[in-house]
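After this come two complexes, each holding chain A, first together with chain B and then together with chain C.
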Partner chain A sequence: MESNKNFVVGIFEDEDVLLHAVEHTREKGLKIHEVYSPFPVHGLDEALGYKRSRLPIAAFLFGMTGTSLALLMQFWMLGYDWPMIIGGKNHASLPPFIPVTFEMTVLLAAFGMVGTFFIASDMKPYKWPRQFDLRSTDDKHVVAVDLAANKMSKEEISALLKSQGASEVNEKNF
Partner chain B sequence: MQVTSSIREPLITGGKTVHDVSEDISRQVEGKPTQLWWIAMGISLTLFAFGFYCLCTLLWEGVGVWGLNKTVGWAWDITNFVWWVGIGHAGTLISAILLLFRQKWRMSINRAAEAMTIFAVICAATFPFAHMGRLWLGFYWVFPLPNTWGSLWANFNSPLLWDVFAISTYFSVSLVFWYMGLIPDFAVIRDRAVRQGHQLRANIYNFLSFGWDGAAKTWSRYESVALILAGLSTPLVLSVHTIVSMDFATSVVPGWHATIFPPYFVAGAIFSGFAMVLTLLLITRKVFKLEDYITIYHVELMNIIIIVTGSIVGIAYITEFFIAWYGQVPAEQYAFYNRMQGPYWWAYWSMMTCNVISPQLFWFKKIRTNLVATFVLSIIVNIGMWFERFVIIVTSIHRDYVPSSWSMFHPTLYDAGEYIFTFGLFFTAFLLFAKFFPVINMAEVKSIIKSSSEQKH
Partner chain C sequence: MIADEKYIFKPQTKQKLIILIIVGLVLFAIGVFMAQSGGHHEAAEKHASTEIAKELLASTEPAQHGDTHAAAAEGHHGSATWLKRIYTSLWQNNIFFAGIGIIGLFFIAIQYAAQAGWSAPIKRIPLAIGHWIPIAGILTVVLWFLVKGDVFHWTDASLYTKGSAHYDEVLVGKKAFFFGPFNEGTFPIFYILRMVVFFGLWYMFFTWIKKEMLAEDINGGTAHWLSSRKLSAYFLVIFAVSSSVAAWDWVMSIDPHWFSTMFGWYVFASWWVTGLATITLIVANLKGAGYLKVVTQNHLHDLGKFVFAFSIFWTYIWFCQFMLIYYANLPEETIYFIQRMRNAPYSWIFYLNIFLNFVLPFLLLMTRDAKRQVSMLKVVCPIVIVGHWFDFYNMITPGAMKMDGGLGLLEIGLGLVFAGAFLFVVLNALSKLQLVAKNHPFMPESLNHHI
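So, the complex of A and B:
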């Protein structure tokens, strides 16, 4: 992380005011570093111009891996490595293998996707996040603006955020 | 600025603000445990210790300490196993299926219900393991480990092995789903701890929250993870009790060999699960003063699910009888005649009274919105569903094809002890959860404060 990063931090009380503020300030050319909220605000990711998450694709690929591994395992074990006839039934046929295949698909899809989520979001148990305002997990929505990424001055950004309904505007340096 | 819909009842009462939600839910995590909590913990640990003694005796002496005999090889152990697994189903139904149906009332109850699921599945799993007798051999009996370790490959044609995969997947995925929901709430407690100057608590909860930051990008990813986990859990939860029912249905025992079993078991599981959710939540809301979050309206909606699933179960019982009569197979007909009029008639009629008749009382709005009545009926349903499994398992096998081997099942202290063990385990785990983890999903409840909370007057 670079040192000496200066941020202007706008605090919003209401999610609808926040949503409009993000849309309007971005129209006016403000580059927002990130918005921190205590709960998911619907439409905020579109307002910030974020693309849809590709995690569903990861889940699908992990799920398919689970399906293939489960089928391979069962057919190899009971069909090839040690074929056994139990109860006069075929030693390797698809229908009785479906339950285990389904469970392994779900297991790998769920764990793979959650693992991908942690890696993509750079989340680890021992890591402290960069916190702009501790109230962002309580009841405030926090808009962080990186001064270096914007042409506007500190005062201009501050005035813009206030005009859009920010209840307070602070500075934060890392 | 609050907007309350005039046609729907508010989900959160008492004019709560977003900040109040953090306060109310974090309070019991931050404070010292109450005296009531210590008393409850003491009782749970006593049950646990007594049960653990019984479990150790069983492992030391062998399964012979149970009342099982040559005819009745499955009795309380498998009854308790199916009962606990069934109870778990409500948690997943609330968190996954109701999420897919966009039912916002799930938000105040899903955390505790999912915790119940996880602990119930752990309790369930102890029974098949104990039933193996030689627990240490269980690993290559149930897991696909190779022949050179002392056994052939596991038999993938067996529903008992499907069960191993179903239950362990169900447990793992439910655990992940539950934990994902906890992550933003751990961050709430972390940030409050930083502001209150509790560095140790801040570090612990930051560790638990994986360094959650609440960024819009993270939330966006998080929501798609939650949606897909719900989509995966929905068929998963239906598969689990389907496979449990196949433990019976794929056999040729009269009374078990029925194609109706999977949907009938799933409905029964949700029925018993909701009863247990109500039993637990009615106590939790009282002890932690959560009346504004878990309202009468929530209780009423859960009671409606109990009427629906209870009636499905009732229809399933009648259908089984009809098919036994209509199918004209003497052994099958006898099995059902024996259930109703045989030596276990009392178990059968307890099941019918508790599961089919008693939930019909919830048709009356006065009863389904009455907390005492709900609490009593929820326990009656729990008892009834235990009897259902007992009736299915024991009455079907105690009089088998050879009349000379007909016998009764007489439970011993150790049969009861194992059941007590799981109760001790369940309540100890639930009490620890309720003390150290936020019992209500704060992030989700905060997101509906504007739309579904009662306005301050």
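So, the complex of A and C:
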């Protein structure tokens, strides 16, 4: 049974302690799987060395899709498929199409971003997320370390986390 | 905590600015000479193309005014075309740069009223820009009396005389707004009073807030910050009204028949984004020259976001104004856009305006990296500033010059003269201030600013 416990979980009480612990343990070569905190900790993503999200690029592409679809739809409907004279304007005139185009751009960018975010963070319907410690939803910060990704032994890792201010260190397997 | 830092206005920089002014004056002189010598020829050549435009204009006027207004347009000659071009360009440049100056103070007031922390180390740059306010005030009053007959159609006394060929019923209805209790067509007491009061108030608040900001360097504490915030709140209320009325007075009244309820916002949006671009450009250049060590990429990012966001805001206002007038299709409103979109000397500027002030800043400043780099900001900010110079050209010149407007060395030269003088005043003021506030209560927050 012991061999199945493949994660070391450090519990931290304070976000400043956590932030410095993450910085120092990473300097010492520890590879951290993930940190769970009850609220966003400023600077944590930098301390963990995360690359910037590419979500804005997805948002731009979805937005452009919305712009083109909206323009295509309106020019096709009012200019070709069912031309109507509204307010004495040309059938296909750009200015009245702009508000709809704007709305479609925002709509597709927003939906596309949410969808991309769910897919990229592996959040599917009926998928139950792994809980390293339920208290991370209340008042504790949780640092999860994958044993398989580290050369250090279990004991070394828990000693390291303890020395950096972890209030307790547990083991967890999935 | 903050080391003493002063901007040194080097003789070389002064020389460059003086050369800029001289180049501007030379271009202006060549432009005037060209306009004078080519005036007649040009007028004859233009005649054919303007015929169509005039017909278009006449057809959009309401029937009962059609004859009288066309007659007024014909009869209202004023000075020679080249002189009118000088006057119009002077007025355009003056209003444009006056706006940048007042935005310097407005930016500071916004920062105090919003209790913003990030901007603490860069507040001295808008403060220096505010030093243009008194000069702009004097220029505006003096220039107004110089240009009034040629730029402001409504100053003509014959418009208000019943039975006169130029009699204009619409303007008679608006006369109280300009002339107040005085006889129409004489001295526009209300108009001049507003001009003096606005600049007086702006200058008073500028000196008060500046006094508090400088006293804080010496005394420290939070008392000066608190009184600055109070002054800023009063100023913002006054500016909200005065900037709007100033826009009607100094820009919209050039087309006295036309009105737009968006106009106050429109002029403000144009001034505001130009002012933001100017602040950003000066900060980026100072940073590049090794000043402002406490300013990091995070502060530049915030300034970049300001320029990006308010370019979009300006576009939003622009479109709101255009869209409603386009859709409602009321002749007395659409004439404004017909003059600008359909006429040969202006139509390219009308479209260039949207390209420079929306398309380019929107695409160039969209990414995070672009907003954080000095090099990118140094490209986009000049685009926005030049773009809004065209925006003011587009607002002022077609109304004042009708079909005779031009954009040549004359206008560009005067623009350079104003830009050189403006920068000279601003940099000179900046060299006399501490470059970074010494005891600003939000300075620690700003030094740790991360986005």
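As a convention for this text, the second predicted complex is superposed on the first by the 168 of 174 C-alpha atoms of A that agree within 3 Å, B and C clash if a C-alpha of one lies under 4 Å from a C-alpha of the other, contacts with A are read in each partner's own complex, and residues count from 1 in each chain.
Heads up, the rule we're going with is that contacts are C-beta pairs under 8 Å (C-beta built on N, C-alpha and C of every residue); 3 or more make two chains touch, one makes a residue touch a chain.
Treat the numbers as computed from the prediction; the structure is a model and nothing was measured.
In the superposition on chain A, A:Leu94 makes contact with neither chain B nor chain C. The partner of chain A that touches more of its residues, comparing chain B with chain C, is B.
Of the two partner chains, neither chain B nor chain C is touched by A:Ala149.
Contacts of A:Pro56 after superposition on the shared chain: both chain B and chain C are touched.
Shared-chain residue A:Leu72: touches no atom of chain B or chain C.
Contacts of A:Ala159 after superposition: neither chain B nor chain C is touched. Of the two partner chains, chain C is the only one that A:Gly43 touches; chain B does not reach it.
Shared contact residues of chain A with chain B and chain C: 52, 56, 87, 89, 96, 99.
Taken in their complex, chain B has these residues touching chain A: 1, 17-19, 21-22, 144, 147, 152-159, 161-162, 165-166, 169, 172-173, 176-177, 180, 184, 187-188, 190-192, 194-195, 206-208, 210-225, 228-229, 232-233, 235-236, 239, 243, 246, 442-444, 446-447, 450. On the chain C side of its complex with chain A, the touching residues are 319, 322-323, 326-327, 329, 366-368, 450. Contact residues of chain A toward chain B in the complex are 14-16, 34-41, 44-45, 48, 50, 52-53, 55-56, 59, 73-74, 77-78, 81-82, 84, 86-87, 89, 96-97, 99-100, 102-104, 106-107, 109-111, 113-114, 117-118, 120-121, 123-131, 134-139. Put simply, chain A touches chain C in their complex at residues 42-43, 52, 56, 60, 87-89, 95-96, 98-99.
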